[in-house]
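What follows is a short report on a single structure.
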Amino acid sequence: MNKKVCNTLKMIGLFLVGTTLAASAQEDGGVSLEMFTINNTWMMIAAALVFLMHLGFASLESGMTRAKNTVNILFKNTSIIAIGLLTYALCGFNLMYPGFAEGSSGIFGFAGFGIGAEEVGITYNTGYTYWTDFLFQAMFAATAATIVSGAVAERIKLGSFLIFSVIYVGFVYPWLGSWKWGGGWLDAKGFYDFAGSTLVHGVGGWAALAGAILVGPRLGKYISGGVKPIMGHNLPLATIGVFLLWLGWFGFNGGSVLSADPELVSFVLVTTCLAAAAGIVGATLISWIHAKKPDLTMALNGSLAGLVGITAGADVVGIIDSVVIGFVAGLLVYISVVFFDKIKIDDPVGAISVHLVCGIWGTLAVGIFGGSEFSIVTQAIGVVAYGAVAFTSAFIIFFVLKAISGIRVSEEEELIGLDIGEHSQEAYEGFQIFATK
Amino acid sequence: MNKKVCNTLKMIGLFLVGTTLAASAQEDGGVSLEMFTINNTWMMIAAALVFLMHLGFASLESGMTRAKNTVNILFKNTSIIAIGLLTYALCGFNLMYPGFAEGSSGIFGFAGFGIGAEEVGITYNTGYTYWTDFLFQAMFAATAATIVSGAVAERIKLGSFLIFSVIYVGFVYPWLGSWKWGGGWLDAKGFYDFAGSTLVHGVGGWAALAGAILVGPRLGKYISGGVKPIMGHNLPLATIGVFLLWLGWFGFNGGSVLSADPELVSFVLVTTCLAAAAGIVGATLISWIHAKKPDLTMALNGSLAGLVGITAGADVVGIIDSVVIGFVAGLLVYISVVFFDKIKIDDPVGAISVHLVCGIWGTLAVGIFGGSEFSIVTQAIGVVAYGAVAFTSAFIIFFVLKAISGIRVSEEEELIGLDIGEHSQEAYEGFQIFATK
Amino acid sequence: MNKKVCNTLKMIGLFLVGTTLAASAQEDGGVSLEMFTINNTWMMIAAALVFLMHLGFASLESGMTRAKNTVNILFKNTSIIAIGLLTYALCGFNLMYPGFAEGSSGIFGFAGFGIGAEEVGITYNTGYTYWTDFLFQAMFAATAATIVSGAVAERIKLGSFLIFSVIYVGFVYPWLGSWKWGGGWLDAKGFYDFAGSTLVHGVGGWAALAGAILVGPRLGKYISGGVKPIMGHNLPLATIGVFLLWLGWFGFNGGSVLSADPELVSFVLVTTCLAAAAGIVGATLISWIHAKKPDLTMALNGSLAGLVGITAGADVVGIIDSVVIGFVAGLLVYISVVFFDKIKIDDPVGAISVHLVCGIWGTLAVGIFGGSEFSIVTQAIGVVAYGAVAFTSAFIIFFVLKAISGIRVSEEEELIGLDIGEHSQEAYEGFQIFATK
């Protein structure tokens, strides 16, 4: 073959290689622009779904509490998403994903204030842009405070709660998150938490526990040694909340794959949904047997329990495992709700039982069902480490706030309701509502 | 270089540009990994949207009935999604898509208990993974029982309904589904049902009819020869339900393309939305003319009627056809609601009219508007075959349950409401609600 | 040609086929089928999210008004989406995107009645199909009338409002839209409005102002020189509405990129969400300071204010700019609500303040923050041009309707509520609701 032809063929070859590099062919871990675009699209949709979880929390929490405190709960949840996004842009994102240097202790890092993309597009990450990364993680961040909101509902001072949220979402959550997802010391140890049974739900749950202890039970909840149930005022609203949370979990867990990987994302969605379903069955059965009647709020909390439980290992456990994990979580949430009432820690919506207890269960479950590369001891170390620091941090913040400005509304305000007390507004203007509870 | 080689190279060059521009060349039915990923992502999103329909049903059904039965309806709908997912994993999926062998009668097949992917990724299907397939179809499955739930609301025994749901969703729905979507005998006959006017809505609607007949009308509904309207207690909730159902239909119909095919999916979404819009107009006009006032619940049911009507042929009818189909469905739903009240079959939410009547209309409409490859006779054969077996199956299940444990709550419980009777819970604690209805 | 060359060419050919199977490559602005499919999928999802905004509006408007007018508001919002889709199919789409010819004045064009794709797939557009284009734009169109619905709520005649909606959505909105998005005279002038601060929210807001002026304030709102607040009846419902609207804005702004461009879409989502968050902070702060209590409805309207404000420039302003724009919008919405009450223009849900005032702010903000290619003068010209024609058009339509059939219900009907008056239905059957307000 003559030289010229050879060269032409070579040029075609180079053109080809160029094309396929820009096009698809995954070389050296690279992906095509198409694959990058679909990955990023999925991650943006996942972020939108996690955003919707904040409406889920707002609906669930207000539905599960009394009508007189509804405006207050809705206001807190609306504020939290604002606080979450703004503090995460200001410092949280750069605190959570500092990219620890070689030889760093992996305990604390900070990349400076404010967000802004230095690297763009595919060079930042093959699964999403810088902006998508920020948005997805920011939506997660706000969740931690939302969980607390439920446990301290109906008696916490609004201003104190908002200050707590700013500190906890802006600083504690991202700092603790960096230990694992930021590539910190627990990541190095081999601790595994796929989408946040511990990093999100545990961290939120421990703070919920600290808050519930320090703020104390609602008036009239534990009287003369017994437990007086205080029923939620709007169970359709609570149900809307739970279904939206479940839907949001498609993004919470599905997005935690960090790409649109067809096999892995779809598998995660199946384990996630089966665990939720099994959680409903577990919580329904135990409540039906123990309390003689099938309790709707338990069925709802059962689905959330299953979802929190599967979150740590949704990608590494098997199908049957996911059903077992969800079912056990459903049992646990019931037992836990009864237990916390017994030790007189008042949690109006069962947030501690759902997020903390089932978060611990899910994290340990990775060690049980996740296969030989996971160690239940390492998982337990992670649970304890997070618990110690998250609980202590939240306890200190609430304790200081209590000392300075108080964290609980007056007895008079609690009786009349925080809607009138904190907002001079009523949630259901014109409706006749009994003031007796 | 000689001329011929030059020309050949040039042709190759042109071929390159042409090919890469139009791209991805599907050979041997194969698709690129990128195309597979986007197809699968769309299908997962469609599954999420169909999941949301269960919140839509829960909201619609509880909003359209009385406050005293709200917890019960919410509990049923929460249970149904759990039952649907778990039974479909256990046997439904393998019953519905057995892949009938050559020469099989195509009436019954079963691929064994439990799910698990033998083939992964693109080799399973070019449009979605095994797991996505399961999830999408499982979300559909639960719909059948949800439709029944509305028709028998406010008087059916919870336990009996749950048992019915397990059998109907776990066995009857997937078995009947296999006749068409599993490649069974009706598929071989040329029967067409794009997304389930008959396979989902008809199968659910026939069971709703069987249940409504056997459980009988609510107390006080048909008195002294007349019909006493029993109004829903929360129309904002019902409206939320309908809009979420419509949104869910983006996945129900859009996902039934089984890929992200740009032209086909977007066309299907347009026919779907136009039919829903025309259904609103049809139902509003007839109710405004006949009852003198524009009825909100009719407008809402009109949109659902249009959606059910377009479901069988959303991909094969034209734009104007879709408007006609939706408009006629809107008229039909009103006429049907009046008709079933006349023959004293009590259906609190109009489920039979929406899902069965408009499901039949939509299935036949494929024969009318779908073009020459579709036969209205074949469509009618499908409608009759499904009707005969679905109605009979549901009738037998309810009949046996009635004989064994009863399917209707006591008169006393019906009057006080199923929320107190079955759950010892109230949906709206603290609200003053008239007990008179 | 010699054999070796032939073989080499053949190998290249095979390689080509392989590559193009895996492949894509963008030449001459063309995109691969994969990229087209993902672009189109994102646009369909965006359309679905914008659809959901109509549920958001329905929930927000009914929650912010009195229980006795709820059915009426829900009915209007259900009708508007039907009207929007059908009129946009009949003429709106062809009026808004006529594709002005060279030398046309760019003021009015019409491509004929009815929709139907002449060009299919990628040849129509690299970002979406003809059908996706129609659906996305149709969902936008209905928004204009929905904004009006809120401002004239609780006293407008249903029939007159529906006629207004048909004309305004079917003709005025698409005609005015063509000036910019259809490539008309304002587009030629360099006016910029990314996703519709003026084209959608302004056009809706001006009509809301015209309607509110002509229909007059609600009975009892402005008495003896003072302003009597009329509270919304269901703030959880209003909150659901606002969160759904925010979610819808992921599609409203994110979809306005008109492709799935990873960098641009994700950046737009970040500016959008930060503006919404900052709007909450702005509106909360000013209401807390000025009215002494943090007002939930102000926080909710603050988020919408931020969203409307960022809509015109979400793709061209910076991160900090987006926070400033949202924060200022949050302040503005509060000031504006107080102002309109002072001049006795009664707007039950604050629609004029949110959509018109913040729409103007957002449009001008492009000139302030958008960089040197944007001129605040040009932006102001656009605002004035749209304002003059939109306000005048709406005023004329309402004026003529007022002269012919009246636009306001009788005093008696207003007192008893439009639900009974227009629909003979109640939204909350069985609930005890005070009739005093």
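We call the chains A, B and C, going by the order they appear; numbering starts again at 1 in every chain.
Note that in this section contacts are C-beta pairs under 8 Å (C-beta built on N, C-alpha and C of every residue); 3 or more make two chains touch, one makes a residue touch a chain.
As the structure is a computational prediction, the values presented were derived from the model and not from experiment.
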**OP:** Answer with same or different: of all residue numbers used at the interface between chain A and chain B, are over half used by both copies?
**Re:** different
Original post:
To bring chain B onto chain C by a C-alpha fit, how many degrees must it turn, rounded to the nearest 5?
Top reply: 125
Subject >> For chain A paired with chain B, centre-to-centre distance based on mean C-alpha positions, whole Å >> reply: 32
Subject >> In chain A, residues with contacts to at least two other chains >> reply: 5, 9, 12, 16, 19, 23-24, 32, 34, 38, 41, 45, 234, 240, 428, 431-432
Subject >> chain C residues touching chain A - in the complex, by the definition given at the top >> reply: 2, 4-5, 8-9, 12, 15-16, 19, 22-26, 32, 34-35, 38-39, 41-42, 45, 49, 66-67, 231-236, 239-240, 242-244, 246-247, 250, 254, 260-263, 265-267, 269-270, 273-274, 276-278, 280-281, 284, 293-297, 299-300, 303, 319-320, 323, 428, 431-434, 436-437
Original post:
Which bits of chain C are touching chain B when the two form their complex?
Top reply: 1, 5, 9, 12-13, 16-17, 20-25, 27-28, 30-38, 40-41, 44-45, 47-48, 51-52, 54-55, 58-59, 62-63, 70-71, 74-75, 77-79, 81-86, 89, 114-116, 120-122, 128-132, 134-135, 138, 158, 234, 237, 240, 422-432
